[in-house]
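Listed next: structures, encoded as structure tokens.
Here chain A shows up in two complexes: once beside chain B, once beside chain C.
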Partner chain A sequence: MSDSLVPLVLSLADDELVLGHRHSEWTGYAPHIEEDVAFSSIAQDEIGHATALYQLVGELTGDDPDHLALGREPDDYRNATICERPNGDWAFTLARHWLYDHADSVRLESLEGSSNQELAALVHKIRREERYHLIHAEAWVKRVAHGPVEGRTKLIDAMAAAWAEIGGIFEEIDGEEKAVYQGELPTPTAELHRTFQERTIAALDELGLPTEIHSRADEQAEFVASSSGDLIAGRESPNGEQTDPLSGRGGRRGKHSGDFDQLWETMTGQYRAHPGARW
Partner chain B sequence: MEVYEVFRRAGHKEPFEHCGAVIAPDSDMALLMAKECFLRRREGNHIWVARRSDIHSFEDESLLEIAADKSYRFAEAYRGVVDKREKARRRAQEIASS
Partner chain C sequence: MWGALESVPDPEIPAVSVIDMGMISSIAVEGPHVTVTVLPTFTGCPAIPVIKTDVAQAVAAVEGVVEVTVKISFDPPWSTERITTSGRAKLKEFGIAPPTGSGPVLISSIGLPKVVVCPFCSSSNTHNENAFGPTPCRALYYCDDCRNPFEQFKPV
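Entry: the complex of A and B
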């Protein structure tokens, strides 16, 4: 057992749970009935991956997986802030889905070679479903990008907003140096981030979507990083630290946006109201 | 000449089911061939033909495998829900009447 493995697996699990929760909010509201089923199914897949990852954490720490998923305080969650943002419109949902699944695919490719056999085996299993998620995201983004101007315009704006925060997926993880040294995380997050950027910028280029704004996104302040169109204030934490709206960093240290509080209330409400209840 | 896949329906409430293929120059001729080959003994009351090249599938069929636990999609996962609901209802009545 290793103390650097826990924060690593927890960050993966929290990303999947929180984004899975956001995806599930489309159930009953997606653009059409077939997509409603498809997207809800993807949401369930993500939550299923989170479940398996929490079980792995539980084996390392002795914690109850349900408690890990639903019983922690907001500041204990390690998901990247991009995952907690409200769905906004379908364009933002698609842009985030596409960017997230590309990011997820880059890190899972590496983690399949983890020195921790259990993690490597689980990632192998998860990748089989994530491959399909990426096909789904690509199919949609391609059609909207090549479709009528209204959808295309919305997608361009949504992609810029999501891009501004997606880097948070590759924020350094607690104990990362040790995790890399021990081979639990075969590739450092900064290197994964570079691979992700190379891959997505080439893909956006191919889709005819602007890429120059993306490569400058870190310095440009005019991009709003919220699907609601509001500038992200970044929640003040007790020690005065803020989430960084332009890089999406903070999540891996438990610094979340105000959007997370709302999500946490809904997601964990039932669990907190009925402690120990069994389905 | 092209290959046409043939689907037939056994009754009005039955689904169309694939029953074979014919080779024909066009869809009209394919229908005639299909009728002769696949409906000659009252096997059904309706027939469709579709060009094989118009039928699409996944290139990589491993995408169709279910990779993880999907027990929640099956009714067995919800066995006992009726009993639990009944129990909860009784408990709510007890609380209300006490």
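Entry: the complex of A and C
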């Protein structure tokens, strides 16, 4: 058993589960019926990827995959903060979707070459499905970026808010040095982050969206994204909760925002209320 | 053994069997013990537990088989290229356009998958309505000739 593989796979699984949960919240509420279908389907994909990844962790640790998904305490989850943020408005939903799927694509490209054969094979399979998510995100961001000024302005603000926290996806993982040394994680997270930034800044530039705010937001730790997706200064979100002003970092160490507690209550409620239930 | 699996349908598309879909990777027989390796079409396919049970039952019914193990594997990854010619014909007959090519193909600046042939009237005058559909493996299209909405099995 490799002790560096577990935190790596858990971070992937927790990102997919938590963002999949957020996507599923659009079921029945999306602004267009086709988007209701799309976000529900993407949610199902992401939660399915999480399931397969939890099974892989379970094979390494002997844990029950359902318990890993729904039976842990909040600070045992390793998802990045950006994944737990509420959907906010449509602009924030799209901005996060676009940034997350680009980030996911960068790390999956690398993990397809993992020295762990089982992870490499699973990632290969997952990538074939994730392509559709990126196509979906690109289509929407392009449509809104080239559309009327109101939507475009909202998208620009949302992109800045999501950008402020997206770096948390590439926060160092527990045991990363060993995972890189053993080839389980072929590229260090810091290098993946740089590839992600280069790629997305070029894409934003091509879309005619501002790019300078991103490098600024990335450096200014005092700027945090609020629940509504607005970029605000300070250490408090509008509802007075203390948030981690670390540019979206902390998730890989189990440090989550108040938004996660609310999500965790809902997501795990059924599992906790009926231990061992089968259906 | 393979014959027995021809009768196991895809729970979500009962017109095709797990053999038509190319989901059976291998069958290993060691005396009375049989191990079947199944490749799920989509990682998050909710039908996986049903398929496991159905495959195990069908193989257990074969004479001489005492014990069946069904393994789920992503190696090699299932892809739509594994669907057999007869599987493609059955999908079309069922009203689902078979997959085209080997992965999502960009057709326009907004990146929707390629236009496909309508399974009802065979027209190519169709357009994509949604890259997603009622199950993870299907996309939604509309036929501009016979004016029917239809689904396509998504190329992956």
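Here is the rule we go by: the second predicted complex is superposed on the first by the 255 of 279 C-alpha atoms of A that agree within 3 Å, B and C clash if a C-alpha of one lies under 4 Å from a C-alpha of the other, contacts with A are read in each partner's own complex, and residues count from 1 in each chain.
In this section, contacts are C-beta pairs under 8 Å (C-beta built on N, C-alpha and C of every residue); 3 or more make two chains touch, one makes a residue touch a chain.
Predicted model only: the values in this text are computed from it and were never measured.
When both complexes are overlaid on chain A, chain B and chain C end up clashing with each other. Looking at the superposed arrangement, the partner reaching more residues of chain A, out of chain B and chain C, is C.
Contact with neither chain B nor chain C is seen for A:A202 once the two complexes are overlaid on the shared chain. Judged by the touch definition given at the top, the superposed model places A:A121 against chain C, while chain B stays out of reach.
After overlaying the two complexes on the shared chain, residue contacts for A:I135 are found with chain B and with chain C alike. Of the two partner chains, chain C is the only one touched by A:R143; chain B is not.
When both complexes are overlaid on chain A, the residue A:A52 reaches chain B and chain C alike. Legend: residue contacts after superposition of the two complexes on their common chain; A:I42 is shown touching chain C, with no touch to chain B. Contacts of A:E34 after superposition on the shared chain: chain C is touched, whereas chain B is not.
Residues 44-45, 48-49, 52, 125-126, 128-129, 131-132, 135 of chain A touch chain B in one complex and chain C in the other. Here chain A touches chain C in the complex through residues 34, 37-38, 40-42, 44-49, 51-52, 117-118, 121-122, 124-126, 128-129, 131-132, 135-136, 138-139, 142-143, going by the rule given at the top.
Those residues of chain A whose C-beta lies close enough to touch chain B in the complex are 44-45, 48-49, 52, 125-126, 128-129, 131-132, 135.
Residues of chain C touching chain A in their complex: 42-46, 73-79, 103-104, 106, 109-113, 129-134, 136, 140, 154, 156.
Looking at the complex, you find that chain B touches chain A at residues 62-63, 65, 67-70, 72.
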